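Both complexes shown next keep chain A, but they swap its partner, so chain B is in the first and chain C is in the second.
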Partner chain A sequence: MADVAAVRPAEGAIRSWVALYRSVIRNSMMNSLQYRANTLVDTVLMAAEPVVYLMVWQIVAREQGGEVDGFTPGRFAAYYVTWALVRTFTQTGNPKNWERAIQEGRMSGLLMRPIHPVHQDLGLWLGFGAVRAAMWIPVGAVLFVAFRPDYDTNLLQMAVFAVAIAMAMIIRTLLNALVGFAAFWVIKIGAITSVLSTVELLTSGRLVPLELMPAWAQDISWALPFRWAFSFPIEVLIGPVSTIEMLTGLAMQAGWLAGICVLLRLVWSRGVRRYSAVGG
Partner chain B sequence: MGAWVEADALSKHFKVPVREAGLRASVSSLFRRQHRTVEAVDDVSFTIEPGEVVGFLGPNGAGKTTTLKMLSGLLTPTSGFARVLGFEPFRRDREFLRRVTLVMGNRNQLQWDLPAIDSFELHRSIYRIPRPEFVRARDELIELLDLAEIVNKPVRTLSLGERMKAEIADALLHQPDVMFLDEPTLGLDVTMQRRIRAFLADYSARTGASILLTSHYMADVEALCKRVLVIHRGRLLFDGGLAALANRFGTDKTIRVQLADDDDPSRSAATAGAAVVEARSRGIAIDDPNAGDDGFVTFRVDRSDAPRAAALLLERLDVVDVSIEDPPIENVIDQVFTDG
Partner chain C sequence: MSSGDQPVPRPGRPRIPHGATVAAVHLRVSFLNELQYRSNFFLQIMQSVLQAVSGLVVVALVFAKTTELNGWDRSELLAAVGVFTVVGGILRTFVQPPLSKMVDEVQEGSFDFTLSRPVDAQLLVSVREISMWQLIDVAVGMIIIAVATPDLPSELSITDIAVFLVMLAAGAVIAYCLWLALACSAFWVVKPPYMDNLFYYVARAAQYPISIYPTWLRISLTTLIPLGIAVTAPAEAITSRLSWATAATIAAVTLACVAISRTLWTRGVRRYSGASS
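What follows is the complex of A and B.
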């Protein structure tokens, strides 16, 4: 038989990566659309959490004479409506998906493919996020009408927001993988994910806008990845935000992304070595 | 061209935790863990040439899947050496992964909610298969595996056999040079097993791909493999042709004779019984005859006595037709594993 590898023309690297992501994203979108009612209900329910926070904070603001540390009811509305959009688009599963793949042996199938499984995961969640973001539009419209958000936004902020939310989504996906790969060493990663979920809840801006947190808590959140993977895109869109703050935020996102990629590479190569030593 | 698959003194030992049952043992294992070493594969050597289809036989836990995983790069050998298509599998070189495939019976690579045709498209982009080559391979696989009716249905709606056929097609779209098949017909009905067997034989003949196949169904092995490897408790017991396997491990042969003008099985048995008594009196180890409705009487006889027994039966009985056969391969394999 002719040497298949030798006769197969090499496709351009960039073209083949684009083709791969296009194919994964396309399949992921088709998958999400198979369960469109389920996806829509999920999107609506995901908006319920920020609506509860929003209503509480609007009451507090009104009782305090119309604002809380510069947050008016309209600004709270802008924060939590954007919160809902960011959460919807950056929802990227759970590290336990990786734990299951490793423990149940599905990782073997992924290892037999000539690409890192994280690429497929990333494409999958990008496709899923795109469908959910589209379904969020009517939900967002209802929130706009009901809570009258007050945005201080220009075109530059919108452009930076688009980049920041995509970066946030990628950071979250890779972070999930990084944590999930701990299952190469331990049988259950539940304890690790519980600790990280709590830290994320407190330092990402999900529970409370970070501007309302004490200075020391803001300092901690500045140094952790969760703010950059959640609060930063919201801060950019609702404004006001300076160009320096936006550039700093994008640089922090890029820094965390690079750091996570390095860690991921290290953990992956050691994890696979362990997996291939002890079996899946 | 050299061998496409080489295993040289390949071994895989696992360290597994052990503890007795009960709460006390559970608590004490927190402080003092005990382990034992399981030699899943021990000093196994063989080669497979381009285009060769080799059966890999052994009971559950014999080391078949562990060997396949080492050859496909999923497990690193504890010692020894493996080389497939010139690559060291455990390095998982991308080019190596593009040229091999591992199909497991419980494989589940297709996307559950989408038609298989969409998973094929994903496979194309993962393996960077040029479109014309992909379309040709896809259409050919659809035709050979008779997938046209099912390839556009969501995978979740397919039967087990249909899904398995689609999984096999998906695994072969990149036209691998080496295929490791672990129980590819597991759980399928006889018709589907036969179809997949025919397809694999045809695929190997057409493309020159090498196949290493494990199966609990001897029909798979007999239909596809001229050569078999027999592994038991991690050690390779046999490497050779199916006939040689029967010669080496089969302790007996079956003599089938058709008697003239005798359609009554009980009368045939009586006639044959007299011959058996005489054979035993001459020191031939032979079982009681078994007369079938087809007019044939079968005798199981010790392998070394087969020529003398056949001569005596031809002399004493009015024989129209005679054949001396090895025992069914299942019996031989069973014998190998029982003797261990």
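What follows is the complex of A and C.
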């Protein structure tokens, strides 16, 4: 990643941003392709979690005479197969990576570069996500054959899905950074991350489709970012979804992204002043 | 070196410590080491409880929609979630941390120092780095089991509980062997799979008793990843559905796992070439 530092966004703004992201993404893609067996194993195993949930709910649907709250086994399959794709692409590390960078003093090196470290992180995960999404195709094909998902999808939904999954990925990456930057103030962010990851598990639609949750839980999830960064792209792709719902979702994503960016700026500018390291 | 048949006693050197002593000393050091970080204790309580909550939420949601899941009713599945939490806690305490460290050492070459110690290397890598606070998961899991047991359809006998404990131990051994076998891949490949990720995903798959799954998945979970057995056997014991035939099979599987993983280990160590010096 040494060549990244050579790109200076200050001169010729847009062109250098493109060049910057292109080189970071390329680096990251090459890195994950170098260890492709590992990346593939990781992708395959990542499918284990949704398959387990899917099995449980398909059994429930069958025992209830074919459906649960409108979900047939085929609809559950559509939900969880898409789940696997969204999870593969939006799996963007962990706030603890930032904690480690701050604790071990590696942040010093990142600070020397003429760009905000978040950009490098984003590029890194975009590249990694792209490779994994490509490797997901055979996994998805197997899931398709095994579980016969029932989609209600048109071209517009596919287009919106592409935007929504990209936005979801960016929101998650920046949110991780935001939480990780708490390490400027506290030594261990484990308590914060464990609470947040449980809230995310419950309100993002990862554990069960949000429609199966009680109404009050759905209301809470509506107001939190996690649903927009996970369940929303799935709902768009599996349909049926109205144009209003799609627009609302995209607007919520844009709103959360803007809010997180503002917070990130604020936290970063204060946190980085507290940062001190020896060596690094 | 002496050329005679009798080993010459060397009075100046300390006797090579016995395996059990080494294990005890390492456990004690790990224990003391973790005691330094007392705030981790509270952090771990929080994490264990939150993790258990997410397992319980699924049970609650599933049983809000149905009354039984392929023959498992609510209290039985609750007990199974408890067993899963206990087994997971045992693995995260005794199995995952030391074997992850071993993989790192093999990659970096510092495994030399482990091999050169005068004690069985497998024993040594297995008893270092015990994450004691993770035992809280075991406690949380036991609480869940205790809450579930009064509602279980069949009365628990002393035999059930004894069999449960034996199956729990067998499950832990199977899981250990599986992890050791995975860790041994570090001797052959440059970049072994991300152990922690593997652990997480496989644990997710083995979260529920395998008997709720369709046959094809059940077979692959028990043959490809015997971890399914590790969770299911104790869960079946505590819900009084374990047959003696299954128990015998599990005993055989456990022995086979021990033998296979030990063979892999000795072959792997022979391949290890070291990276330092």
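The rule is short, and it goes like this: the second predicted complex is superposed on the first by the 264 of 280 C-alpha atoms of A that agree within 3 Å, B and C clash if a C-alpha of one lies under 4 Å from a C-alpha of the other, contacts with A are read in each partner's own complex, and residues count from 1 in each chain.
Keep in mind that, in the parts below, a contact is a pair of C-beta atoms (placed from the backbone, for glycine too) under 8 Å apart; a residue touches a chain by one contact, two chains touch by 3 or more.
Keep in mind that this is a model prediction, so the values were computed, not measured.
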**Asked** Is A:V24 in contact with chain B, with chain C, with both, or with neither (first, second, both, neither)?
**Response** first
**Message:** So in the superposed three-chain picture, is A:K188 touching just chain B, just chain C, both, or none of them (first/second/both/neither)?
**Reply:** second
**Asked** A:E49 contacts which: chain B (first), chain C (second), both, neither?
**Response** second
**Request:** Check the residue A:V262 against both partner chains and state whether it touches chain B (first), chain C (second), both, or neither.
**Result:** neither
**Request:** Kindly classify A:A159 by the partners it touches after superposition: chain B alone (first), chain C alone (second), both, or neither?
**Result:** neither
**Prompt:** In the superposed view, which residues of chain A touch chain B and also chain C?
**Reply:** 35
**Asked** What residues on chain C touch chain A, complex-wise?
**Response** 39, 43, 46-47, 50-51, 53-54, 57-58, 61-62, 65-66, 68-70, 189, 191, 193-194, 197-198, 201-202, 204-205, 207-208, 212-214, 217
**Complete:** Note: in the complex, chain B contacts chain A through residues 14, 50-51, 66, 69, 72-76, 90, 92, 94-95, 97-102, 104, 107-109, 111, 113-114, 118-119, 121-122, 124-130, 133, 154, 175, 177, 207-209
**Request:** Would you pull the chain A residues touching chain C in the complex into a rising list?
**Result:** 35, 37-38, 41-42, 45-46, 48-49, 51-53, 55-57, 59-60, 63-64, 68-69, 188, 190-191, 194-195, 198, 201-202, 207-208, 212-213
**Residues of chain A touching chain B in the complex** = 1, 4-5, 8-9, 11, 16, 19-20, 22-24, 27, 30-31, 34-35, 106, 108-109, 111-115, 120, 272-273, 275-280
